[in-house]
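There are two complexes below, and they share chain A, which is joined by chain B in the first and by chain C in the second.
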Partner chain A sequence: MKKRIVKIVICVVLLAATLFLLQKLLVPKYATTNEEGILSSEYYANAGNNDVLFIGDCEVYTNFSPVKLWRDYGITSYIRGTPQQLTWQSYYLLEDTLRYETPKVVVFNVLAMKYAEPQNEAYNRLTLDGMKWSRTKLDAVKASMTDEETVASYIFPLLRFHSRWNELSSEDINYLFRTEKLSHNGYLMRVDAKPAGQVPDPVPLPDYTIGHKCWEYLDKIRETCEQKGIKLVLIKAPSLYPAWYDQWDKQVVEYAAKYGLEYINFYTLADETGIDYNTDTYDAGLHLNLSGAEKLSAWFGKYLKEKCGVEDRRSDAALAAEWAEREEFYEFMKEAQYKQLREEGAVTRYK
Partner chain B sequence: MSFVSLGFLLFLLILFVLYYALPRRFQWVLLLAGSLVFYAFASPKYLIYIAVTALSTWFAGKLIHDAYAARDAYIKDTPDITKEDKKACKEQAKKKGRRILVCCLILNLGILAVCKYTDFAIGTINSLFGTDIAFLRFALPMGISFYTFQSMGYIIDVSRGKYQAELNPAKFALFVTFFPQLVQGPISRFDQLSQTLYSEHEFEAQKITQGAWRAMWGFFKKMVVADRLVPVVTGIACNPDKYAGGYVLALVFFYTIQLYADFTGGIDITIGVAKMFGVDLAENFDRPFFSKNITEFWRRWHITMGTWFKDYIFYPVSVSKWMLKVSKWSRAKLGPQLGKRVPVYLSTILVWLATGIWHGASWNFVVWGLLNCLVIIISQELEPLYAKFHEKCAFSNTKGWDVFQMFRTFWLMAFLRVLDVYRNVPLTFRMVPTIFSSKGWSEMFSGGMLKFGLEERDYIIVAVAIVIFLIVGILQGKKPVAEQLAEKPLVPRYLIVWVLIIVILVFGAYGIGFDATQFIYNQF
Partner chain C sequence: MRKKISAVIALVLVLAITLCACGSGSNSVTPNNSGSNTKDFVFKSGSATIAMKAEAEPLLKALGAYKNSYEAPSCAFDGMDKIYSYGGFDLMTYTQNGKDLVSGVVLRDDTVETPEGIAIGSSADAVKKAYGEFEKDATSATYKSENCKLLIIFENGVVTSVQYIALVEK
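Moving on, here comes the complex of A and B:
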């Protein structure tokens, strides 16, 4: 009997190990394609000691530079932003962050409030797969799933990505057990510039009412911040498009006024921030490039310091040493991208 | 709840643990509860249909049982009963039994007919008389054709006195609703299934393991092969204007493979799962594509349906008074040789008409059934010619000839089945001849087959799977593969199972990017 049990255990362990390896092999590595997928998981290596937390979609991870905030103001910050990060995903990423640290200020970018329902499985994956398993992740998955998705496929990503056997590449082998750092505390750098040309006219909508689910989760973000003594700041990044309608803006302004929150629409502050849409965007107005992000961070750092009382922590030697490493990586990536620009005429990879 | 879902696996796990944890005497009760839960997942409202069938059939069985018991008691308690009285008493009980049987058949076949065939009848009336009667679009309860036939087989057998009626309504409900066979059969017989279904089962590791292997083999067929071929089959069949010629031949071939993998895979899951609960279900297939002719094919394919039609339609019709009259007439008019075959052929036509209609409420199934019948009758009529051919040709006794016959039967069945896919008789007869035109052939082999979402590697997987089916089929000829596997040493045995699990998980056509498809026979 004992021998039989040992045999069964060995069989089960071998099968589990094989499945684990297969899963590791088949899940996307986000190393050289769809790199934004790595952002969500990078946080855990940098958790703790951040006074400011940015949550939101691409408009936060391309538009603010934590390294600039540190350099100019000694502000420690992290961006938990992922592509098309929905309002409820931002809430759960905040909740997840609070398991590791309690920032003084949370900055939420409101663009995602245009989406009142789960949108796209691929984007969900980019946001959720990188989260460490916890009750929070389970809730985030449940809130985000489209009709075609299942919780099981998040628990066992092999069930989702099994068909990638057809597209395995050397990347999947090279990054089987390792990842490479990509972001700068959540900031995804691009140094190239593409001037904004003709911006598409906003398409009139039949209904401009922001969805109930967005308000519900914004309430949760606000209440969580209140409970933890965190100052919540609402922002709208300075993108030229996709359209952020005045009707939406008005609703956010009213919400902020109702609860005594700060709301900054950076699009209206272009003169103050110094954003030049001919030089400060890498995709003709959607996202800021390094130059734009640094300008915006310079302005916002001042705001954080003066209006939110975020302290300068550059005198903390241990912290300074950590950030020195980050600055070094920042400079390395900046140089690598400028080199690409010089030699290849375009930025085709981050490093 | 689809067999091919995590929900089903979870359901199975819970039921399995409870089944062997509970006192043995409650096992059948748990199976009944599980079966009802399983059915309720399809849609709770469907429970009414199956409940009506189960309860009405049980009640009819009980009434017949009471009538026969009263008859037996009367005969037993009347020692001086005359032969005439005894005969009259038996006749009276028989008549009563027959009345109950007819009522039960009308009710249950009526439900089946209304649910399944109302719109077919309306459509036919509309096209014949140019009317515009609106379709009623009744929901088709899951497995209605299967459980109705199973129940009707039971009540016919009870009325024939083949076995005693089941007096416990809950036990009878389990016979009707036993969850593994609800999806697509097999159509079980009460005398065979009841013993294994209601008895107490010990935890037999070997039987359970073999059941699990069988189910896994079914998942392989369904998920790796059948579901992988869905895009190419639907892609070609749904766009007849675009895909003709060579594509039609590809459709004929791939649909046959899909149907085989889907149906036999589903039955493997059914039999395997039942076995894990200690229940032995009847085999529904016996390597059908190793058949050398169409008659043999139908003895090996969907066996439980074939035997059902044989026992409950073919034989009763063949020996009916009306058919005996026909026989007499045909012998007199057509001579003894041809005359004796006429009633057999008439019964055969009736059976195949019923088989076609059973498969689906549309003319393509009726035509498909009748074409099968036609091929069988022609084969039988040409039998003397075949015999002469075999006498004269030495090669007709070689292995090569056997292989040729199997190949011929495969393609014959494949071409008949194409009526299933187009679901339109004129369209099918228009498309099949295009195979002999030049249409589509060159396009097919220059990337045309990759337009349906399948890549070259997918076709390679299907090709490898077909080779595996062949090897397993050859091995199966000796004895069940699960038994052969159980005899292997531990390492190769588990290596095979391990590879099977990995192959299903990795190469299975499931999840996002694949259309989850119900079993084909679940629609019938």
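Moving on, here comes the complex of A and C:
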């Protein structure tokens, strides 16, 4: 009888180990292409001690610099931003973050309110695959799936990626069991500049009503913050494109007024923040570069300190040591990108 | 015992190979689009007939110099959305498999019209005659062909926007 049990155990372990290794090999690594895919998972090594949490799409992870907030104001912060992060995904990332820490301020970028329904699997994967497993992740997957997706493929990504074997590259071997640090507490650095020039006129829409599902999840974000004693600040990053319509803005303004929330549309504050669309964006007005992100962070840090009461924590020696390491990595990446600009004429990789 | 363990190993390997081999084609998790052009709504300008999902390069040559262009890279994936402004209309493209394909045309003023004779400023009745009925008091009408969604927006019974939008899988 014992022998039989041992045999069964050996078989199960062998099968599980094989499937585990196959899955590790076949899932995308996001190491040298589509690097934004590791932003979601990078948080867990930096969880705790963050007084400010940013949630939202690319308009948060390219436009704010936590290192600048620390340097100028002693503010600790983390950006849980991912590409095309939908409003319900922002809510679940907030809920996920609350499993590890309770920030004093949550900053939500409202651009994703334009999407009332799940959009596509590719972007879903970038946000969801990196989340640690929990009830929260399961709920996030269920809320985000398009018609073609299944929960099982998120639980066992091998089901989704098993046929990727003919696309395997050296990246899949080199990063089989490791990842390389990419962001600066969620901030994705780009130092190059591309002037905005003439931005196309917005395309008229048949209906400007923000979708019910967005309001439902913004309510959840607001109520969760209220329950936890967290101040919620709504923002719209200062992008020139894609269009943020006045009709959408008005609805967010009304929502903020109804619930006594702060809403800052940074596009209207270009003079105060000093954003220059000739020098402070790397892709002609969609995202800010390092110069722009530091200008925006300098303005917003003052706001967080004076209007939200976020404390200066630079006197905490342990924290200061942690942030000194982050500053070192920040300077290393900055120099690496300027070197690419000098020697190759363009930034083609983050480091 | 050895035979049984060998059998289990063989089973695991077969399973692994099966899992790996049962898929074919592209497995990149990137937005993809596909389709063909037949009996579609098209927009015409000079010698250029612009169909949705058509390759942009020959059309750009046929259209001549544009007044302005704008490039909007994808947030995460390869590819670039481009917008070419020709004054009366904008031509939008997206990238697929290294080629720029037409994703849309937006009429910007009343100097241009659709081949069916609808322009900004046309009446809702003219739209019905050209493309067919739509809901009474609707503020927009949508007509679909194989690769194109034609969206027409009204204000007080007058057309304010005409948009050709490529029907692409998300």
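Everything below uses one rule, namely that the second predicted complex is superposed on the first by the 351 of 351 C-alpha atoms of A that agree within 3 Å, B and C clash if a C-alpha of one lies under 4 Å from a C-alpha of the other, contacts with A are read in each partner's own complex, and residues count from 1 in each chain.
We adopt the following convention: a residue touches a chain if its C-beta (ideal position, glycine included) is under 8 Å from a C-beta of that chain, and two chains touch if they have at least 3 such contacts.
Because the structure is predicted, anything quoted here is derived from the model rather than measured.
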| item | value |
| --- | --- |
| Contacts of A:9 with chain B and chain C, given as first, second, both or neither | neither |
| Which of chain B and chain C A:199 touches, first, second, both or neither | second |
| Partner chain(s) touched by A:121 [first = chain B, second = chain C, both, neither] | both |
| Which superposed partner A:58 touches (first chain B, second chain C, both, neither) | second |
| Contacts of A:257 with chain B and chain C, given as first, second, both or neither | neither |
| First, second, both or neither for A:18, with chain B first and chain C second | both |
| Partner chain(s) touched by A:162 [first = chain B, second = chain C, both, neither] | both |
| Partner chain(s) touched by A:283 [first = chain B, second = chain C, both, neither] | second |
| Larger contact residue set on chain A - chain B or chain C | C |
| Shared contact residues on chain A - chain B and chain C | 7, 11, 14-15, 18-19, 22, 26, 121, 158, 160, 162-163, 165-166 |
| Chain B contact footprint on chain A (complex, rising order) | 7, 11, 14-15, 18-19, 22, 26, 121, 148-150, 152-153, 158-160, 162-163, 165-166 |
| Sites on chain B touched by chain A in the complex | 6, 455, 457, 490, 494, 498, 501-502, 505-514 |
| Residue numbers on chain C that touch chain A, as the complex places them | 1, 4-5, 8-9, 12-13, 15-16, 19-31, 68, 70-73, 75-78, 83, 85, 90, 106, 108, 139-140, 151, 153, 160-161, 163, 170 |
| Residues on chain A engaged by chain C in the complex (per definition of touch) | 3, 7, 10-11, 14-15, 18-19, 22, 26, 28, 33-34, 36-37, 57-58, 83-84, 119-123, 125-126, 146, 158, 160-167, 197-201, 203-207, 241-242, 283-284, 286 |
